[in-house]
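Down below are the structures I want you to see.
Below, chain A partners chain B and then partners chain C, in two separate complexes.
What follows is the complex of A and B.
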């Protein structure tokens, strides 16, 4: 218990302290050290998450609640459970990769980047640990505002445009979610998770259910905007493309999952059994997979392809959630983890390619395999994982999702999910072929492999991707063995 | 000593080593060692040893050997008894002469070693096929012969394998039918072992099995409709091939199996539909092939059509299902091998000396090559059925059986005999009689070497011997082997039939004299038939290969491949153009819609919310 409590404190305190340090020191000094300091937060978080996991495995307790009494007046309750640990680990991992990339791609305003990143980490940590819907909303706003500024702060035309679109859509989502919260509060009188669990659907007459339905519609739509699911996806490619690549790593790698998917996990956990919710998610997931892939096939901008791929992959996670079953949730969370690793890898590669060649246009690239071996290999591993080719990690999570769909009776959706993997392979094969395979272009003859922290990030993420794939079945058996599943 | 050899062969797996592995090994040595005298001695020695083995087996009581091979019912089972060992003897004797002729003929020629190898592989395959009691094992040896056939035809034509492919296609189709027939037969009989089969009645599914097996067997012998590669081979293949394969080896094998199908495997009743069908094929083969032979102007091509036509008599004889017919068919096969090998050998001799077998270029060779001419005359008389040579007696037996079945078949056979006589009168007079037509610098044409005329002479003597003393083959060899105690030897019992046959021969002579007088030359003696009104058009079509079954097969194959190509193009279009086009089109359409305008994004999002509302309302 002690370990978990202090870990929780660290998870919140370290980003906050770093943020404060960045703000306190002189601008010149901070510019020098802030990026190095930023590493502390994700590394601490990885360690703390590991410690929490060991503790949970030891206690064999699925869900641990920690209460903080601030000055005796406000009481805050946080929860640590297996899934939130997975999310916390992903947050730390992707943030780490993002800082490594930013080392190269963010030459100025390093302090600003580092501070905003700290706020973003804080917000995301909050989202996955809070125990009531309103706190979730508050942290959601922190995440939204930090990401908005992160996109916009580098003062490029497209960056501003993307950020503006994100802001508008994000605000729309916030309004919907807030309104939904209000409806739920009207109906149940509480937004605490444990109260909701008890009273959500107990003895409701149809007319009273109308409020819940209205809340569901608004919240699903709101979180779907945050997730970037079709038809709420439009902002995502613009924002991810125009942001600095270090920010893209964050947005695509983790923010859409914590802000969107996690919210959906929470509300489907309470209201998923309501008729209609499942079908909504089924349909949204399926069209996300297909439309996202179709978009990705027609892009020529490296980052846009990867961004649309995120839309498509979010569809898989939605399908997993839509089964409202243990297996589906497991598949969805596993896919969140896998997507965090391979999508970060791909954006890191995008950064590497852009840093070395100066372009994102895949039609101007070709044959980089010979010059940028590490990048090419990590890209290959990431796309194989995305396409769900065994033994890469993506295969296992897709398998779980498809199994969950099949056993919940949605066999048509299972078949669609299975065959849509061909699309995934198609757009990534196109990317891989145009960028890395084939004949080296003459004007690219002088290209060298990227070095430093970006290369380190690529290696780290690829190792995680491959190791996760190889160890996945054993990890599942282990979790089952210690009673966490 | 023969008894000792046969008991030695019958013990253990010696039969496999000495009848099958030994020829293969000898063939390999002959292939690798390229020395004429070594090759001559080893070939003669090994062929003689093989003959000795075969004779010893024939003289023995016979035995049944089972070599467990696998669990799939494909145990190697050899049944060496009178009938099969008689054929082993035939083939061994024939092989001795053919191999002597081949070695001499191919002296100093390229690929002679390879030819030897194929010949010995063929010998091993035939030995195996004659001894096999298991139809599956029989098929193995049978197909092995197809491979050597293809190989030999490729030897000189590696870059233009037209004939080889044609032979492979036609013989392969026949073998495919054989395979199908064996499957059906084994299914119907419940066993693969011939010795365990009780004669199956030819009806229902078994009739299909009979038809397939019989077509496969007589197709191997060169009967219609799998015959048309033989005239092409006569042009392309080395002459020893013609002596060996279409003239001798394949006849032995095909007729052996046809006889066993009719006698042991199926219960072929005289006068039954199956019998009539087989006889019809036989008669058609006789008449049509000899009609084509009539108009040929090349010695080897002409002979090759006779090699087809004569099979008709054998098939006709066996098809009657009468003891006299089967006896006649098999006797005719034996005679045919003797005189047709001899005829091809004379053709080879002529070719070797003059460099051509085109009858327009040669003539008057009789004075230069007297031994060749004498051998040719004897064997030509034999094939025409002139008494008292061997061909006369076997044809009379077949005529007898055909007449007993149906007058039509008899008349067809008689027509065949008539045309055979005409074509050989023409061939003999054009090649050996008349003016010497070769250019003057080729005046040094002389008789071939002893190694070539020796086999010819032996065969010519056999023609006379088996005719005059026909009791020797009929009562001494075939009767006991077939278990038929009736005596067929001596002069044919029906004087009327003999008189008719002689009349036909005289008629042919008359026609020949009329024809050569009319068209001014022995070579053109058959032209009045060739260009007769009505026949002329048919001959033209035949020469354009309209009646060639190979062309039908190829057209069918082309049609099938066109259809397959069409289907494949459709499939390729489906996933090359249709699917990718659809995906690309959809992507482009979506892309056009997703134009970066925020208001449109919001509109889409609001539509999405509306969609969710609709779904939830629809469910509740």
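What follows is the complex of A and C.
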């Protein structure tokens, strides 16, 4: 318990302390060290997460509640679950990759970037660890606000436009989520998870059922906006394309999952048994997979293709959640982890290609394989994982999701999810062929491979992607062996 | 429950829905950046009213008040960021028309 408690303190305190240090020193001084200091937060978090995991495996306990008494009057409660540890690890990994990319792509305002990144990490850690719905909403807004400013902070025309679209959609999402919270609060009198669990479905009169359904519609719509699932996806490609690539790594890699998917995990955990909710998530997931992939096929902007791919992959996670079973949740969380690794790889590659050639337009690129070997290989590995080709990590999580769908009786949706992988392969083959394969263009003859921290980030993420794929079955057996599944 | 309380509850519910509809109507009809932000804020105010109403109905008004104060603080921060974006867009385009935001599509 001691280990877990001190790890939790570290996970919250380190980003906050770094934020304070950045603000204490003068602008000129902070500009020099802020980027180096920022590395401390994700690395501490990876170590703390590992320590927590060892402790949980030792105690063989699914979730551990930690309460902090503030001056004896107020007590704050945080929980560490097995699946929130996966989220915490993804947050740390993607933030690390983002800082490495930002070393190259953020030339000025480095202190601002580092401080906002710390706020974002803090907010995401909060979402994953809180134990009541209202705190979840508060941390959701912290994440939202730091993302808007991160997108807009370089004051480019497109950046401001993307940030404004994201802001309006996101405020609509908060209105819906908060109204839903008010309706649930009206009925249960408390928003604590354990009170919700007890009183969620007990003793309903028709009026209460109406309230619960209204709350569910509003909250699912709100979290779907944050996720970027299809009827609500319009902001996602704009915001992710227009942001600086280091910020896109964060947004597509982890923010949509922590802000959207985690909220849906919490809601389906309490209210998933209500009829109708499963079907809603099934339909939303299937439409997301197909529409996202079709839109990705007709783009020519590197980052926009990858952003639409995020919409499509979120559909798989929604399908996994929609089964409301242990297997589906496992598949969804595994896909969250895999998507975090391969999507940040692809955005890192976008940064590498843009830094070296000066363009994101895939029609102006071609034959970069010979010049940028590492980028080409990591892109290939990431795309194979996305499409679900067997030895790679994406295969295992998609397999789990499709198995969960099949065993819960939704065979049509399982078949659609299976065949939609063809679309995934189609748009990534198009990307890979136009950018990396084929004849080298004359104007690209002088291109060299990117070096420094971006290359390091590519290698790190590719190693994680491939290792996760090779070790996945053994990891599952290990989790089963120690009694966590 | 007395008759008076029931009137208050129904009234708050109706007024809240009217405010949300007004905010969304504003969002749909206007092309001015600041007016869009105002519309969104109006809808947000209605939501804080729902939270108070919820506390009033289930008798936990103190908890609801704590929620509402937090929501108001968050709302102000969101409004500041939104107006900051609007000002920067005004500096680029010279007006506040939302139809300028057409660089990103497809």
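As a working rule, the second predicted complex is superposed on the first by the 485 of 485 C-alpha atoms of A that agree within 3 Å, B and C clash if a C-alpha of one lies under 4 Å from a C-alpha of the other, contacts with A are read in each partner's own complex, and residues count from 1 in each chain.
As a convention for this text, a residue touches a chain if its C-beta (ideal position, glycine included) is under 8 Å from a C-beta of that chain, and two chains touch if they have at least 3 such contacts.
No experiment lies behind these values; they were computed from the predicted model shown.
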Chain B versus chain C as contact partner of A:185, first or second or both or neither: second
Partner chain in contact with A:57 - chain B first, chain C second, else both or neither: neither
Contacts of A:456 with chain B and chain C, given as first, second, both or neither: neither
Partner chain(s) touched by A:175 [first = chain B, second = chain C, both, neither]: second
Partner chain in contact with A:167 - chain B first, chain C second, else both or neither: second
Touching partner for A:283 - first (chain B), second (chain C), both, neither: first
Touching partner for A:220 - first (chain B), second (chain C), both, neither: first
Which of chain B and chain C A:297 touches, first, second, both or neither: first
Contacts of A:238 with chain B and chain C, given as first, second, both or neither: both
On chain A, the residue positions that both chain B and chain C contact, one per complex: 161, 164-165, 168, 172, 237-238, 298
Chain C - residues contacting chain A, complex: 20, 27, 33, 36, 40, 43-44, 47, 50-51, 53-55, 57-60, 63-64, 67, 70-71, 74, 77-78, 81-82, 84-86, 88-89, 92, 101, 103-106
Residues of chain B defined as touching chain A within the complex: 583-584, 586-588, 590-591, 594, 596, 598, 600-602, 604-605, 607-609, 611-613, 615-616, 618-620
Chain B-facing residues of chain A, complex: 161, 164-165, 168-169, 172, 176, 213, 216-218, 220-221, 224-225, 230-232, 234-235, 237-238, 275-277, 279-280, 283-284, 291, 294-295, 297-298, 423, 426
Chain C-touching residues of chain A, taken from the complex the two chains share: 134, 138, 141, 144-145, 148-149, 152, 155, 157-158, 160-165, 167-168, 171-172, 174-175, 178-179, 181-183, 185-190, 237-238, 241-242, 298-299, 301, 304
